[in-house]
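Okay, here's the structure, questions in a sec.
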Amino acid sequence: MSGARALAERLRAADASGLNATLHWSEELLLAEEARVAALKGAGARLPLEGMPVALKDNIVTTDAPTTCASRILEGFRSPYDATVVTRLRSAGALIAAKANLDEFAMGSSTEHSAFGRVLHPTHPDRVPGGSSGGSAALVAAGVVPAALGSETGGSVRQPASFCGIVGVKPTYGRVSRFGLVAFGSSLDCVSVFGRTVADAARVLSVIAGPDANDATTVDRPVDPVGAVPGSLSGLRIGLPAEYFPADLDPGVRAGVDRAAAALRALGAELVPVSLPHTGYAVPTYYVLAPAEAASNLARYDGARYDARRIGPAGDLPALYRATRGAGFGAEVRRRILVGTYVLSAGYYNAYYRKAQQVRNLIAADFTRAFAPGGVDLLLTPTTPSPAFRAGEKTEDPVAMYLADIFVSAVSLAGLPAMSLPVGLSEGLPVGAQLVAPAFGEARMLEVAGAVEAALGAAREVR
Amino acid sequence: MKIGREEVLHVARLAELDVPAADVEGLVAQIGRIVEYVAQLDQVPAGEQAEPFQGGPERVALREDVPGSVPLVRGPESFAPEFRDGLFLVPRLGSMEGE
Amino acid sequence: MAWETVIGLEVHVQQGTRTKMFCGCVSAFGDPPNTNVCPTCLGLPGSLPVPNAEAIRLAVRGALALGATVHHTSVFARKNYFYPDLPKGYQISQFDRPLSTGGSVRFESPDRGTVTCSITRLHVEEDAGKSLHDRYPGHTAIDLNRAGTPLAEIVSGPDLRSPAEARAYLVALKQILVYAGVSDCSMEKGTLRVDANLSVRRTGETALGTKTEIKNMNSFANVERALTAERERQVALLESGGKVEQVSLLFNAATGAVRPTRSKEDSHDYRYFPDPDLPPLVLDEAFIEAERRALPELPEARRARLERDYGLSAYHAQELTGERAVADYFEATVKAGAEPKSVVGWVLGEAMAGYNADGHFAVSASQLAELIAAIGEGTVSNQAAKQVYAALTSTVGNPSPRAMAAQLGLVQVQDTGALEGWVDEVLAAHPGEVARFKGGETKLIGFFVGQVMKKSGGKADPKGVAPILQKKLKD
């Protein structure tokens, strides 16, 4: 059976299981993808991802399938251009496998806020897979694809990677092009990668990374190759920030991070306590900045040019706008648009938006100090305060949902590279540890993660 | 800074978002809760003059003035809700006329 | 009690770039609707802006030409509002950190001599698309070809004191920007647009009155008309005990009246914030200095120099510098060896008739200089030169004016024998006039010269004819 047909079987089985992780895929497209890769190979192209199926979060635009952002307002929309990351994946020989479900416009931490229904946790259907890239995470965790693209604004790949027991890598802001990633919080958004293994995630990242003339926020610097898994980490200094190990941290999560720490120590790394004093302000800072940018980014969905149009009773243009947007956006998106509009509105800008950008600088400075010469090379923290929570558990109180991202949002605000890697189970649920690196330090971070992965895998086998 | 019904309806108008009457009370509570939560940033000492954060490149890279844009594989008529004679159509401007 | 008028203008000019402000679509005028569009200027999901270096360079030029301070760091900001020709629901502009601040325009006011109008700021932004309100009943039609074309917005201080003065300011500003090569500044093509703010106050008061904003004026003359109408409206309102409301008004060129727009409630809360898609615009000192050095001489300096170097009158200097191409033509002709004062007459007379909108003259500067030299040396008469000039305008390949004069048989005859022959014939034909001349009516010399010229078909050199006539009439 061809790779494409086998992939179609797996996708069909995943859909039949009720996982609800995909929004669009077709066997026909998969076969076309496979033929395209074969043609590239025939033409002698170098294909570092030859035949590798990669799922895309459905906020990454593609010309051959709809892009809905899991929103009614984009229902039926087919982009007339491809995202830069899609073009790069294809040139590298990857197969675009499916468009994956997400929280509407990537706003959420549980993938319960999709207009097309919630995504199930792959092993515990009553729980959430995390979010907002829950569909991509679930497809990788369920073994449907070896890798997938998600997007991060405030932890939307690391948090679901942790919940689903897979690898999730967020690059430095500016490392990967956002051209074709539907904007949510533009100063935070990063196309990010899920993989079954560190190596798979690293391969995909190395293909999509690098400057793009169509994205003025990409940084023009070469992408360092990820070296072999190091046998020794002697001389490496890893910081354990006190603020990420609160007294009420889930014991299973703590144990998982301890295992990773022990593995690092065994490889010769030195673990040192550090402090990131402004960590507690990360979530409120994020919930000013991201909604403000979102309110502006989502203004274009007005029913005039390319989306589901609903004519209001008065039939004039403002009525069209209000009806289309009122009915087209789900509850969480509407809440964020309202909050974002409020914090930018006359009289409140300085108190909220400007203040949040200033605090963001303090948060970033915490990391700069930790990584300064004489400081540490990487940070090790839990990815989330607890394993995957139950569906419906946090939908009533938006702030409780936001706090699920407490360990991932500071890194997003600082624009740093970070990743979650699986470090064991807590009462049967996967637990992730987070590595954080200085800006553009992805390669070293991935090498160290590879070493931890190998060590923990070996430990598991011994046990 | 307590956010009330009037503020919520005001920002809903700014954002061109219909809020059904039945939802207003719930939204006021939720928005109020979120705004109250983020207002803790007040406590952070950061003077008026503190620099706001700037991520990504330090300076914008400029594009040469050479024609050539990302092509559309399908024209606007393929995604526009209403399109005639090469033009997007929307309902009359109504109360926005002549802005 | 007299009223004082206070006017400030916001002028948008479209920089003369090939492509749009934030994407590589061509910024052409007059193409079929929605053809010069791409993901970025359509505001499609996922699209991003990348600024056009040339649009920035031209804006910097404009700022320097106005004597403004160009800032090393400026910031793009989003101006958020809903309008169907604004595809993203926000316009990328600049807000609290514009490209430049300061600067001024000095010009001759029709009312009060030389006036210096301050410039508050110049910033760059993108244009919106075009809304067509009357094409389809019940609908507004949108063309996004113009969406995303580059604009420089130039905001003046409230320094103008009459509608006519506002118009004179616009003429001077346009001259500067065209000289500097920023824009062609054509209101007809929409590459220059004006929004005006006007208030009135009792003479002697220092506080500003409530201002209104007037839009939709399509010529400098209409700016003046609209401001006049609005000034009268405000004065009448205040004199009848009313109050001016801060509103936006549209000018109707057909009726000459202004009417309020039905502007949306809250429409002025634009929720500006720095555009997260665009890092700061950083301009090095070296770049700014290079642009400053590359600036051409601007109209005011050029006027002064033309007066000084060529001994021209203020009036002629003003006329010649109205357009850079005209002044360039004048100077090139002088440089090619012609005497400046005679060049003025030709440039402002004959040459302007053959001058077209793209700054091209039908007869080259060296041709004109040669023609003027030919007059000076007596090869052609002034009259004949005009015929030669006309022939040159319709002949390709820049022929020599002297050769052209010869070809047309317009070379003046200076040969004494030939002149004497014509003189003899004229005197023989007019015995009565000869007798009156001899009787003391010496002013008849002009009549005889004219007759000789006529006889020669305009070819006789009048300077050679007169002495021969004098000599023969004495005999």
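Letters A, B and C name the chains as they come in the text, with residue numbers starting at 1 for each one.
The working rule: a contact is a pair of C-beta atoms (placed from the backbone, for glycine too) under 8 Å apart; a residue touches a chain by one contact, two chains touch by 3 or more.
Just so we're clear, the structure is a prediction, and the values are computed from it rather than from any experiment.
> Compute per-chain Cα centres, compare each with the mean of all protein Cα atoms, and return the closest chain.
Per-chain C-alpha centroids ranked by distance to the global centroid put B first.
> Look at the interfaces A-B and B-C and say which one is made up of more C-beta pairs in contact.
Higher contact count goes to A-B.
> Average the CA atoms of each chain to get its centre, and name the chain whose centre is farthest from that of chain B.
Relative to chain B, the chain whose C-alpha centre sits farthest away is C.
> Using mean CA coordinates as chain centres, what's the gap between chain A and chain C in Å?
One centre to the other, that is 56 Å.
> Hey, how far is the Cα centre of chain A from the one of chain B, in Å?
Here the centre of chain B sits 23 Å away from the centre of chain A.
> So, what's the distance in Å between the C-alpha centres of chain C and chain B?
Taking the mean C-alpha position of each chain, the two centres sit 40 Å apart.
> If a residue has to touch 2 or more other chains to count, which residues of chain A qualify?
Residues 77, 80-81, 179, 187, 213-214, 216-217, 295, 299, 302, 304-306, 317-318, 321, 341, 345 of chain A each touch two or more of the other chains.
> In chain C, which residues are in touch with two or more of the other chains?
Within chain C, the residues that touch at least two other chains are 39, 42, 47, 50-51, 82, 84, 140, 142, 264, 269, 271, 278-279.
> Going through chain B residue by residue, note those that touch at least 2 other chains and give them in order.
In chain B, residues 10, 14, 16, 52, 56-57, 60-61, 63, 70-72, 75-76, 82, 88, 90-93, 95-96 touch at least two other chains, as defined above.
> Of all residues in chain C, which touch chain B in the complex?
Interface residues on chain C, with respect to chain B: 17-19, 23-26, 32-35, 37-42, 47, 50-56, 76, 82-84, 131-133, 135-136, 138-144, 248, 250, 261-267, 269, 271, 274, 278-282.
> Would you tell me which residues of chain B are touching chain C in their complex?
Result: residues 10, 13-14, 16, 52, 54, 56-72, 75-76, 82, 84-93, 95-99 of chain B touch chain C.
> Under the definition above, what is the set of chain A residues touching chain C in their complex?
Answer in residue numbers: 59-61, 67, 69, 74, 77, 79-81, 83, 178-183, 185-187, 213-217, 292-293, 295-296, 298-300, 302, 304-306, 317-318, 321, 341, 344-346, 349, 353.
> What residues on chain C touch chain A, complex-wise?
Residues in contact with chain A: 39, 42-51, 78, 80, 82, 84, 87-90, 140, 142, 264, 269, 271-273, 275-279.
> Which positions of chain A touch chain B when the two form their complex?
Going through chain A, the ones touching chain B are 63, 77-78, 80-81, 173-174, 179, 187-188, 213-214, 216-220, 278, 281, 284-285, 287-288, 295, 299, 302-309, 311-312, 314-323, 325-327, 329, 334-335, 337-339, 341-343, 345, 348, 351-352, 354-362, 364, 397-399, 402, 413, 415.
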